[in-house]
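Each chain gets a letter, A, B, C, D, E and F, in the order it is written, and its residues are counted from 1.
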Amino acid sequence: MFSHDSRLQYPVRVDTPGPGYARMLQQAIGGIEGEIRVAMQYFFQAMGNRAPNTKYRDMLMHTATEEFGHIEMLATAVALNLESAPTKAQESGAKDAIVGAVMGGENPRHMLEGMLHRHILSTGMAAYPANCDGVPFDMSHIYASGNLAADMYCNVAAESTGRVLAVRLFEATSDAGMKDMWSFLIARDTMHQQQWLAVIEELGGHQKVLPIPNSFDQSQEKTEFSYNFFATGDATAPALEGRWTQGASLDGKGQFSVHQNAPMGEAPNLGPARPDSGAQTEQIG
Amino acid sequence: MFSHDSRLQYPVRVDTPGPGYARMLQQAIGGIEGEIRVAMQYFFQAMGNRAPNTKYRDMLMHTATEEFGHIEMLATAVALNLESAPTKAQESGAKDAIVGAVMGGENPRHMLEGMLHRHILSTGMAAYPANCDGVPFDMSHIYASGNLAADMYCNVAAESTGRVLAVRLFEATSDAGMKDMWSFLIARDTMHQQQWLAVIEELGGHQKVLPIPNSFDQSQEKTEFSYNFFATGDATAPALEGRWTQGASLDGKGQFSVHQNAPMGEAPNLGPARPDSGAQTEQIG
Amino acid sequence: MFSHDSRLQYPVRVDTPGPGYARMLQQAIGGIEGEIRVAMQYFFQAMGNRAPNTKYRDMLMHTATEEFGHIEMLATAVALNLESAPTKAQESGAKDAIVGAVMGGENPRHMLEGMLHRHILSTGMAAYPANCDGVPFDMSHIYASGNLAADMYCNVAAESTGRVLAVRLFEATSDAGMKDMWSFLIARDTMHQQQWLAVIEELGGHQKVLPIPNSFDQSQEKTEFSYNFFATGDATAPALEGRWTQGASLDGKGQFSVHQNAPMGEAPNLGPARPDSGAQTEQIG
Amino acid sequence: MFSHDSRLQYPVRVDTPGPGYARMLQQAIGGIEGEIRVAMQYFFQAMGNRAPNTKYRDMLMHTATEEFGHIEMLATAVALNLESAPTKAQESGAKDAIVGAVMGGENPRHMLEGMLHRHILSTGMAAYPANCDGVPFDMSHIYASGNLAADMYCNVAAESTGRVLAVRLFEATSDAGMKDMWSFLIARDTMHQQQWLAVIEELGGHQKVLPIPNSFDQSQEKTEFSYNFFATGDATAPALEGRWTQGASLDGKGQFSVHQNAPMGEAPNLGPARPDSGAQTEQIG
Amino acid sequence: MFSHDSRLQYPVRVDTPGPGYARMLQQAIGGIEGEIRVAMQYFFQAMGNRAPNTKYRDMLMHTATEEFGHIEMLATAVALNLESAPTKAQESGAKDAIVGAVMGGENPRHMLEGMLHRHILSTGMAAYPANCDGVPFDMSHIYASGNLAADMYCNVAAESTGRVLAVRLFEATSDAGMKDMWSFLIARDTMHQQQWLAVIEELGGHQKVLPIPNSFDQSQEKTEFSYNFFATGDATAPALEGRWTQGASLDGKGQFSVHQNAPMGEAPNLGPARPDSGAQTEQIG
Amino acid sequence: MFSHDSRLQYPVRVDTPGPGYARMLQQAIGGIEGEIRVAMQYFFQAMGNRAPNTKYRDMLMHTATEEFGHIEMLATAVALNLESAPTKAQESGAKDAIVGAVMGGENPRHMLEGMLHRHILSTGMAAYPANCDGVPFDMSHIYASGNLAADMYCNVAAESTGRVLAVRLFEATSDAGMKDMWSFLIARDTMHQQQWLAVIEELGGHQKVLPIPNSFDQSQEKTEFSYNFFATGDATAPALEGRWTQGASLDGKGQFSVHQNAPMGEAPNLGPARPDSGAQTEQIG
């Protein structure tokens, strides 16, 4: 069960509203790298976590709860950045004429309004759960597999792309208030990257966690293909050298090698279509 | 540029066709944990990889190319499992009557056909790029951030959920041909988990890679919040203890601690709506 | 800012787990009539509420917070209903043979597994943010218009379809635990229908609220068409009689009447395509 | 069965074509507040309407038919607004150089073209069934529940957000032709809001219609929770006062009150994962 | 402008309601091969048709209007097939026990209900605009390019997959009423395939219509690659022989030949990432 | 099985990077007229092709493989066009002030950045699998019906809209490198239109191929409706004359005629709702 405090987790201040920046911020709300995604992902991972104890479930729910508060901060930032946005068509004056002439008769204000259309037309100058292109967030991005280690790596992925986005949004503004907000949110992303990797470490690191799921008996897989890199260029292509082509595997159970890819199977043979299947006559044997 | 060999990378054999299993296999083609996703993800990561050399770009493209061959194997497996599926309504005979009676008059064959509808109605007994619920694959699941380390963790996440799915599909069938195919694909997932983590190791591991992106000057983030776990239950909740609440952080740059969450900001203050914004009169100041 | 209590708002008990019912419950989580929708809708309406005071914003956030707790209850109910679901293919025994024979060789267990595929394959027996068909929830269903009265009616609509769904799910089960949970959630839907309509009443009811938005000067609309019902059948069709064809309009500003629809405009005239626009030569004037 | 007259329901005139405005108009065609939505929503509600008579079914179909004509008007308006849009890159002349220099080398014409890309690239200067961000209309927004009162409130919601959008589009243009078209469409939205609410009144208003569905025996719900507002802030938060916290409920069946939210259930207890479920070993009991 | 006659274009009769078949019918309403798609596709093609005269625009609108009536027929068929569907859980009696035992404890009725969930839960036994998997129709499938010939081929494609689907649905039922409905709709698909191809013939057939768009000056394309088939297997693969590898091209402007694919370009060279772009340090030159 | 050569099929050169053009190019990657679509469509058609021989399957896979190389070319073109895009907010200088003033205080750079947001924020200046509006490619656009002739027409449709798009992108740029790339890709589209139509010719042309599927016994359709055009305007509308209203049908099996549409069926009669179906009381008989 949740409760709510009307104050924000961290102050959100906009010194100079910028409608264009409001649109960019949407990526951090409804983009796949954004806050709805992590809040809901941790929530559903917590809800589905099956284990002899609730340790990781609890951890996940604490951070899910924190992330709901981040959506709140960003939605506030969007609304504040929209304070100065235009809603009304204005008569073209002298000023418009200059740029309008340059642009072949198009009123530049229309371009600006075009970029803001959804904020103007659909929300009355407020945030909405879509990315900076207006594509609504799609809940299929909530990765919750029922496997603890897989979930942790999904979360590292989310917080890595999340902090990359946050850094780009930090760089994209010169507003001191916005930069201050990001300096907090970037710090939280730093911690969250740590947090999920710390679970991996606590579970024994690469040697015990891999391969995921570690509950599958590896004698049932073709282990002759478990630690070799398949090269798919032609055989004369330059050698590929890296940590993944030689030496012990990270789980300590094999040796990396390189395998030049070649067909082991035959061409598929499906046979003719059946008479009643809506095929053309020519496809029927 | 690509070329194609009509033979499959690894043999695909179905001993006893099972239309129900064909549907399950769709998850490994068009599900978010499936092969279209990894093939396209590695492809777009390769295409966008900017770096002083092409080492990682090449590695990504090799594996993308391998994965296109896996889609081919799975599509073949779907078509072979559908060989015995019904397309034609049949007159109810004695047999149908038994189960039909049990089910309140509904012909059980309808249920079976219902489950197969898309394979019957849309493809004429062939694979399609959707998951086992028929939800088409949506390319927003192609994670390619332009940051090498973030991309590697996205790939570990994909191969982890991918191998979890593969194991579940291995368990869900008793067909020896299908199990053999999975024993190969599971092995490849084992390698691919290794491969992307090996890049992280080659780049210096947690200490050099984290936080992602490592090109951002951490003095610009609020480092007092970079290594503490925010507890969002009430202050009387039991202590949370784990690798992530104490000791040195994984990047060696901080000490983990626990912070009881509390508002640092104020309630948002957006002010009244503008007269021309489509709000109700009562919202206008 | 949010906080979380690990106990549920109301007890969730499943007496006899039913995997098929788990699937039905998904509609109440990730369906358009479900709890993610209302939680997020009230949250975003609150975040975007502009007004001289925060009265309605606060009310919206209280109920958003309550609804997050309902998602938690339902996700628990799904997981509990899945306790008995099969994950492993079993050798066909005598029992399977009976029904299998009836169904033309298809193992009925496959059908059951097919229906459960996503819960088996993607989540390891847990809830996910999609509807009962596995279609992921799409955040475009978060209606938050920036107009208080429009938002209230969106909420009445959500709670009306929500309670209809809840009643159907109550009817679809004979499990006493599940029925008890629904008897609580149905009651909450009763209140929430009241609550949003009570705002309309507080704002002055139909006479003051309508037409929405009430801040638009009606002298700018063609009021000769504001209160008449357009009949689009042919002129000989039977007369339509109802509250909306005669008498005073609900806002007290007009009289209802019936208007037989007829074209007032001309056929559209777009003219030929331009030479460089990718049209066929024949389309170019 | 439908028939068609090639003349428009109401004249559509564009005095000064504006490509930017064409893009805005897309929201009224393919946005969730737009005309495809209402046309199809009323159509499917009519088709699914079960009742002893066809009175409401007929009404719904009349208005669905009217709305198809509104899509036609708006599609015409889009095409006319695109008459002056550029399709061809031009050599940069002196004029472009001015603004181009300001913008760091980017040709401003590219910006304009960027905003118009879909109209240029996909349709050859015509309307398409997507919103102003180019997001295609998704038919999950057709709300048709099988419950007459729920459907009516869904329709009030649609016409309320629809008229809000129409008013914003009226304000966003200074073109006299476009304003005239909106003055007609806004009037129709006025009527349609009335119309659906008139059905509620005809059915007996709040007292008879609520709670929806009114065919469910309320003795089966926990009526002790049917009329109280759940406060989810902490107990020291300021009192919430409104029509919904005190006095008789709108259906006359209860008294409003405030309830401070507190857990009535326990923490969920899911137990360990099964050995064959693809979980990590540590999750298996 | 449209008008409506409450009678159906062609009689719709269901002799034995079949809920499973209702679900299959959804593919013909909201599937990509279905009636919403063609109705809306012809409508938007008509609306965007630019040409010196309105001949093709009028033809398109006539058929769009016909197709709206087909949606109506199919929605009626769905509702009639659902007449006998169960809505209420029943106590397990002896009958259920037999099949239930076979299926490991699962009540088979749950399976049936599972398959019907959306019709039960969301619509109250009525059609909805989604396919047979419950995936909502997505308006991005409305192909309307602004090029008349391209549009005609899009329509042939739609009517070809549409008639294939119709034939499969004809085969899947033994209900005489349903078969009669399909015998009409299949005939209409026959005509519509003819109709769009007849426009191609009227425009001069392959020789005048191709390549589409025919308004592009072919001297601006690399005509040395305009009529040869690129073979992408290795050079030793068996020769490919067909109408497309030799002889005159269909437009009479070239000769078909086979070209063994080989790279003409270099490997892409993107160079390092910029310092402020959120990349890893190692990617920055 | 696939292999890869790191060199491009054809050279990709950008003389003057243009971020706005990069965005336009996205339509050719992830738009419905783009290269992912054709590559995947031919791939899945090949995988599902059932016939006595593999002739068409092989042809489809050759061209699928070619198209994967086209995605590679376009992704390279996007990355090269983004070389000059801004990532960093700059202090407003004198230059910005001029245009900023014109636009009412909005920094024009924000507009430019807004248009580039996804390339800046999500990919670090690289291509992604979405269209020019940022709408991700949705795999439901992979048309593969299991009917060879239907698939061929789907492919003609794809290559027709594809070449229309390519021509528009050719026209939209003045960059010589980009024009050279398009002159190659347009030529390939020319060939691919030919190729699929050549299959139709090889199969016997209209007379043998139509109606699709040709394996359905036409005596089971209502042939009295198979060759007449349904006019849906009123009976006084001007006569429609074209190749499709008179003369022999293209398949030689009928004569075209015109039929004035009129209802042959009755109004649908669904009867009342059931008591337990969540309807309003008034809907229950």
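The definition used in the following text is that contacts are C-beta pairs under 8 Å (C-beta built on N, C-alpha and C of every residue); 3 or more make two chains touch, one makes a residue touch a chain.
Since the structure is predicted, the reported quantities are computational estimates derived from the model, not experimental observations.
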item: Minimal step count in the chain contact network, subunit E to subunit F; value: 1
item: Classification of the subunit C:subunit E interface as same or different, half of numbers criterion; value: different
item: When subunit A is superposed on subunit D by its C-alpha atoms, the rotation angle in degrees, nearest 5; value: 120
item: Chain located farthest away, centre of subunit E as origin (C-alpha); value: A
item: Listed chain pair B-D, D-E or C-D that repeats interface E-F [over half of contact pairs the same by residue number]; value: C-D
item: Chain whose Cα centroid lies at the greatest distance from that of subunit D; value: B
item: Inter-chain centre distance, subunit A versus subunit C - centres from mean C-alpha coordinates, in Å; value: 26
item: Contacts with 2+ other chains: residues of subunit C; value: 1-9, 32-33, 47-48, 50, 54, 58, 61-62, 65, 69, 72, 76, 79, 87-88, 99, 108, 111, 115, 122, 124-125, 130, 133-136, 138, 140, 145-147, 149, 164-165, 167-168, 171, 212-213, 216, 232-233, 261, 263, 267-268, 270-271, 273, 276-279
item: Subunit D-touching residues of subunit A, taken from the complex the two chains share; value: 1-6, 47-52, 54, 87-91, 99, 101-108, 110-111, 113-115, 117-118, 120-122, 124, 130, 133-136, 145-149, 203, 209, 212-216
item: Residues of subunit E touching subunit A in the complex; value: 164-165, 167-168, 171, 276-278
item: Subunit C contact footprint on subunit A (complex, rising order); value: 1-9, 30, 36, 40, 43-44, 47-48, 50, 54, 58, 61-62, 64-65, 68-69, 71-72, 75-76, 79, 122-130, 136-140, 142, 144-147
item: Residues of subunit A defined as touching subunit B within the complex; value: 5-12, 32-33, 55, 58-59, 61-63, 65-66, 69, 72-73, 76, 79-80, 83, 87-88, 124-125, 135, 138, 140-141, 143, 145-147, 149-150, 153-154, 156-157, 160-161, 163-164, 167, 170, 179, 183-184, 186-191, 193-195, 197-199, 201-202, 206, 210-213, 216, 218, 220-233, 240, 242-244, 249-251, 256, 261, 263-268, 270-271, 273-274, 276-279
item: Of subunit F, residues touching subunit D in the complex; value: 18-21, 23-24, 27, 31-33, 84, 86, 95-96, 98-99, 108-109, 111-112, 115, 131-135, 164-165, 168-169, 171-174, 232-234, 237, 261-263, 267-268, 270-273, 275, 277-285
